[in-house]
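Listed next: structures, encoded as structure tokens.
The following pair of complexes shares a single chain, chain A, combined with chain B in the former and chain C in the latter.
Take a look at the complex of A and B:
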């Protein structure tokens, strides 16, 4: 049993486009493509078009109506649904604020923490391999399971957190966790980090192991301290891994739907409502048109935040 | 950068933060509520399967388990089959057809499932796919095809073209080449993709929540979620449910860990 981040790196190094024209191949007499080959992607293309692309386009169509999902009659309301979401619907703006806060918290905490774990476990010693397997473990559980585990930890009356604090004489730190509307989102963010930090750790380890050792040896000879080495070797070299981790964590925490529903119930209370749970509630309330408009805002938010991050990460120096 | 003591300290603390809750859940699933609250860390007094019997028989988690098995057992191979067919074609075609098809199929990774759930629900309603396991299979396949094509197509593209060319000179058709050359050579990435799909299909919550109405059609995550309202603080029952829902994935993790890490991390580079 061992964890091989190398394998992961190999299977995930797929960024260049397949089938980009290879000049050498073209000069050679091109092998005739068997026309039957065009049938191979057909099923995948057909169901993607029908069940993914078409519904996504339809979302835009629904978004400008007040359709309730059942009656044949509906009205075109133009941009009203979008205006309503941002100006008249405090439930939606609340969910939006919560979601952005949650994403920011988780992205920062998870990136820093998983990098820390990766730095501590870069070497392939027996102990490191075992600990990597352990830290990775929560990722494979279902969100609902993780939610139940942490619901118990946070339970104000019987929960683990308060019992541990009580046992070591720190009663003053005991709290009501999810019951506290100001803190609830932070506690769920912590759960999310526990859930997925191990997964991101593996991405970082793959990046760290690719850094040539000689660089550190040379830096040491030049008398560079450990922090100096981190700043000028590790951080710039691990930048591609960092951007993968940040991008993935962003999407993952935008979609923390299952975890929120499991930990906070359906529908969640206002202090734990995020965009995806809000969309679901609107949908469950038979406001199909409005829910579709909210979905579009949701997609736009993910795109916007991802774009901003790419800009920001590009601004950070990549080292000389 | 860290002294050996700091390093060990951090690792030990985090190991405890992972192990303790999991142990408490494992032990707790055999306890009564009172026993759990009085001593969450202690070994259970007896290995009484009462909680398990209650969730499997009384709460019908057994049939949800079967539904999850059926849906996962069909949607994983089906996704792999469709994605590998497409990936194979993409690796053999050239120019626009190749990256055009690949791009189209992979585009879906940018669309979060929550974003098109309203139109998908309407479409499923028209097709009579609501409240059926077939509908769940379709939803799983559709939503995970992009990432599967991304993993498999990306890998197949790295296979040496000469292999395919040699076989086409021999007059072997594309189907035979796919079955006897492309698939076997892609075994590592197929395994990684299979694990990734297994985990996400087994744990899928959104689609069952959207589409399933009858309790007898619930999958495990949905059945578990419904516990949350019913049992509030009956944690031992929730824990027995958690153990049952996690068991297949955990067993697979113990034996196929390598592929888990490869698969789930390959999934992570999307986005």
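Take a look at the complex of A and C:
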């Protein structure tokens, strides 16, 4: 940062006034502090170092070994684990494909659905508040509970979905749901959207309520229709909220580990295997080195997708 | 108090960071537990006091173990046993890491196969060869807990991973519970279907339980007894004729399974059976207590899907010796843990466990009073094969091979399903 010469001169003139603090002391104060103050962040630094930095660094080290998780002996294998993941492991590439598909489905459906709910429930009427609470409710449930609820809904023999379809004479639409390898991921994606849409709705409502009413009134006076108002006022104003929703949903969908394991069992079948469950299976299979390499790829994948989204969608105005 | 500069503070933090980095790079591995793969000898005497952690996965047996713990504590003043229970899948995945330190699982159980082998390699077991407990077991059932000349674990349970049958429904349909070959088995299913019930309830949506049927289907089809180990080693292939024949037989079963079987979890499958809607539950005898708990009142028998042709079956059924009890080599409470294993292995305590949980045990001279166990006891003397799926050391390979059967049931051709499975096996050779 540069300081304007005029400003510097003004400052030195002020400092030369009688009774002004010693300029040397003023210069020292930002850089020299009581050492006791450095003890305050130390617990946080230590916890971060011990539980985050060290395991992350260790993961990088394990990733280049063939360590099985319990033996004293291991070999350094260089980049072999990374090469194996992309070229010689169809289970990993299958999980990667499933995960990208799952992220795309959930991000699009959850963003659209939660925005729609938010638009319908922006007003602070009693009915809206009640419905907001209702839609938000799944968010406070544990993912294991959600998995069990939906496992019951999707059960082809006693489940709610097939029972309802049977009761209204739509037996032809009854299905195997999670047992159908082509559809299974879509059904789990629907569960994920049900689980988190209420939470994202709240983010959108906060954004929508911050839009000045006068803008809509002015637009109405100018003859703008509902769609034009949405396009020209609502959307630009909720863009920052959308950016948060998209980024959060992306990370959440990559890490839908507990939901998948709860709904599909451990290990999940190939059609429901995503990166986090694959990594867990690899750890369980006593391939710690390879699992660490998969974890690093997973981390890089989340970072890459989130960065790409921000670049491509350009939802956050510059400087914010 | 003297003051330090920002630069000095950053230097200190940098040093901490460098230390953390160095510590992180100390190298994986460390040391194995003190047992070694041969196993240190378990103590035969010592102070039987303190708190023993007993790690296992049988949540359904908690109450029975609680009662046994009470009896054990009454015999040894000052000893406590706390159960550390995980679900079977979590136990399979995490137990090794949890137990290595020795603070959890002074006494523990493992599954037969890869988990037992991993525990052995990690040196977690002590050798129980000369223990009082080992002498109480039927020698022929101890093999699953052996490593070389060491008896590292004591397989406590004998289970039959074969379909359970509702005898009332079989009688009503006029079906025989002991089909001599595959044609007879299909004829039996046909009779059951004709009587208006679902012949087989199969939890195809649950990898662990759905895979038990694989033990039966492969037993008489494979050319060798260590077929799964040989598949994993690449000596046998899923695309071999015998494997394709087995997948073809899975296809034969499709009309006799409940609709949408590949999406059925284990609980609904149990419900179909316990409510009398299905004549068989294709999991195993380890589910007897669960279906009784769901209200099943009918007599239960076991049925072996005999895949042989022309009545030349090598095996009449399958069994598994599992829940392999061991004493943790890293435990600080080994004497008490060994005493607990001794206690469980005494015939009267093993009998209590067996009769309350409806599980046969490997302990000798056990008096079975549970009606289900009494009825199924003849299976202990039949020519049964040791469940093959536990030969797999690599869980990805096991899941892929078993998934080929599920794929066939959901409509994939046996050839395609076999090729898909073999691809995964080949990637792991």
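Rule of thumb we're sticking to: the second predicted complex is superposed on the first by the 279 of 320 C-alpha atoms of A that agree within 3 Å, B and C clash if a C-alpha of one lies under 4 Å from a C-alpha of the other, contacts with A are read in each partner's own complex, and residues count from 1 in each chain.
Keep this in mind: a residue touches a chain if its C-beta (ideal position, glycine included) is under 8 Å from a C-beta of that chain, and two chains touch if they have at least 3 such contacts.
Here the structure is a predicted model, which is why all the values come from computation and not from measurement.
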item	value
First, second, both or neither for A:179, with chain B first and chain C second	second
Partner chain in contact with A:221 - chain B first, chain C second, else both or neither	neither
Partner contacting more residues of chain A (chain B vs chain C)	B
Which superposed partner A:302 touches (first chain B, second chain C, both, neither)	first
Which of chain B and chain C A:141 touches, first, second, both or neither	first
Contacts of A:250 with chain B and chain C, given as first, second, both or neither	first
Chain B versus chain C as contact partner of A:36, first or second or both or neither	both
Contacts of A:45 with chain B and chain C, given as first, second, both or neither	both
Partner chain(s) touched by A:69 [first = chain B, second = chain C, both, neither]	both
Which superposed partner A:168 touches (first chain B, second chain C, both, neither)	neither
Chain C-contacting residues of chain A that also contact chain B	31, 33-34, 36, 38, 45, 53-56, 58, 62, 69, 151, 155, 157-158, 265-266, 280, 283, 288
Chain C residues touching chain A - in the complex, by the definition given at the top	1-7, 9, 12-13, 16-17, 20-21, 23-25, 27-32, 89-90, 92-94, 96-97, 100, 118, 121-122, 204-208, 258-265, 268, 271-272, 394-396, 399-400, 403, 406-407, 410, 423-424, 427
Chain B partner contacts - residues on chain A that touch it in the complex	1-5, 7-8, 11-14, 17-21, 25, 30-31, 33-34, 36-38, 40-41, 43-45, 47-48, 51-56, 58-59, 62, 69, 116-117, 119-121, 131, 133-145, 147-153, 155, 157-158, 160, 163, 194, 199-200, 202-203, 206, 226-227, 229-230, 244-245, 247-248, 250-252, 254-255, 257-258, 261-262, 265-266, 275-276, 279-280, 283, 288, 291-292, 295-296, 298-299, 302-303, 306
Touching residues (chain side chain A, partner chain C) in the complex	31-36, 38, 45-46, 49-50, 53-58, 61-62, 65, 67-74, 88-91, 151, 154-159, 175-181, 264-270, 280-286, 288-289
Touching residues on chain B, where the partner in the complex is chain A	1-2, 7, 10-11, 14-15, 17-22, 24-25, 28, 36-37, 40, 82-83, 85-86, 88-95, 97-99, 101-105, 107-108, 110-123, 138-139, 141-143, 145-146, 149-151, 153-155, 157, 161, 165, 168-169, 173-175, 178, 188-189, 192, 199, 202-203, 205-206, 209, 220-221, 224-225, 228-229, 233, 235, 238-239, 241-242, 245-246, 249-250, 253-254, 257-258, 260-266, 268-271
